[in-house]
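First comes the structure, then the notes that go with it.
All chains are identified by letter, namely A, B, C, D, E and F, in their written order; residue positions are counted from 1 within each chain.
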Amino acid sequence: MQLSGRNQLKGKITSVDLGAVMANIKIEVSEPNVITAVITKESAEKLGLAEGDDVTAIIKSTEVIIGK
Amino acid sequence: MQLSGRNQLKGKITSVDLGAVMANIKIEVSEPNVITAVITKESAEKLGLAEGDDVTAIIKSTEVIIGK
Amino acid sequence: MQLSGRNQLKGKITSVDLGAVMANIKIEVSEPNVITAVITKESAEKLGLAEGDDVTAIIKSTEVIIGK
Amino acid sequence: MQLSGRNQLKGKITSVDLGAVMANIKIEVSEPNVITAVITKESAEKLGLAEGDDVTAIIKSTEVIIGK
Amino acid sequence: MQLSGRNQLKGKITSVDLGAVMANIKIEVSEPNVITAVITKESAEKLGLAEGDDVTAIIKSTEVIIGK
Amino acid sequence: MQLSGRNQLKGKITSVDLGAVMANIKIEVSEPNVITAVITKESAEKLGLAEGDDVTAIIKSTEVIIGK
């Protein structure tokens, strides 16, 4: 399946922090960039996300703010 | 000003495509990653965004989807 | 690839309306529900979206507002 | 009040899971589709959301990603 | 209908700028704050949005970034 | 740094409620408007957010829904 989401950054999970409802996932995408993703705990568990996993961070282009 | 948005990727604008209301901006953030941002044409003009500008792509962590 | 986005509604495209930067896509997901998606024109073209295509509408759970 | 949000799916709440700050709400909108919504615990309590409630899941069209 | 979206700012439309797919709407919510909303042209037309209309700007709390 | 996010409401924090992963922050932006922001607990701590702080609530225009 191809996705309309233009931004797809490949990386490796460096930490998974589970709360009651949400989870904070850190993904190292390329030196020196780390992406923080907050997803449901439910999703983190269904995908079995763990440190070291190869994943893709997907971000729709309308969600990006530019600072200059 | 510091921002709560966890993801702040520094890069350089490689193209600016203006529509009537929206604008599509390409930002090279690190080999081989390019971020596409869609912002208002109004913002693109107020910030004077142009090819070659050094900018930061800011993405709130709740906006990231993970694919595995 | 599995996605963390919890909401994945399968449907068929019923119309594609291209603007200069954005595109408005209608997806019939199940009687009587039609999903409207606004994506970049660039994505609509790269995926070759056309009437009759079988697609999936993906929505992160943090993007849903509840009305009661 | 009419809303600009194009996607308004009527359904029934099948579960409410409260965390400290957020709440995960499942809404059956039409066979076989279930919508997961993550809202603040505060909102879930102010609206008194409970299993069996008739609700509407509202999603802005810019929040939809298309997979093909 | 009550909405889970915590932020509901009442105001008056001061301008409507229609593009091919999207529309840029300015809403004066309280001195000196003006809210800019980008919605589909389709929604702007279905709601018949025009200068002087009393409207509410609704923003989900997960969409707010804090700067300090 | 200037931001493309059109909506920047200045205000004062009136409460900070920390969960395991997320935090609920209330910001009084102008009588009678209070903005609720949900950000990561991590961000709330890194910015040292506390009652009484002068902050800015930043909202991208594509995130606003209009009710009429």
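Definition applied: a contact is a pair of C-beta atoms (placed from the backbone, for glycine too) under 8 Å apart; a residue touches a chain by one contact, two chains touch by 3 or more.
Note that the coordinates shown come from a computational prediction; the quantities given were computed from them, not determined experimentally.
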{"item": "Touching both chain B and chain C (chains)", "value": "A, E"}
{"item": "Partner chains shared by chain A and chain F (touch criterion as defined above)", "value": "B, D"}
{"item": "When chain E is superposed on chain F by its C-alpha atoms, the rotation angle in degrees, nearest 5", "value": "180"}
{"item": "Between chain E and chain C, distance of the C-alpha-averaged centres to the nearest whole Å", "value": "22"}
{"item": "For chain C paired with chain F, centre-to-centre distance based on mean C-alpha positions, whole Å", "value": "29"}
{"item": "Chain A-chain C separation of Cα centroids, rounded to whole Å", "value": "21"}
{"item": "Per-residue multi-chain contacts in chain D, two or more chains", "value": "1-6, 19-22, 24, 36-40, 42-43, 47, 56, 58, 60-63, 65-68"}
{"item": "Chains grouped in pairs wherever the two touch, ordered by label", "value": "A-B, A-C, A-D, A-F, B-C, B-E, B-F, C-D, C-E, D-E, D-F, E-F"}
{"item": "Contacting residues of chain F [partner chain E, same complex]", "value": "3, 5-9, 24-25, 27, 29-31, 33, 35-39, 43, 47-49, 53-68"}
{"item": "Residues of chain F defined as touching chain D within the complex", "value": "17-24, 36, 38, 62-63, 65-68"}
{"item": "Residues of chain C touching chain A in the complex", "value": "1-6, 37-40, 42-44, 46-47, 56, 58, 60-62"}
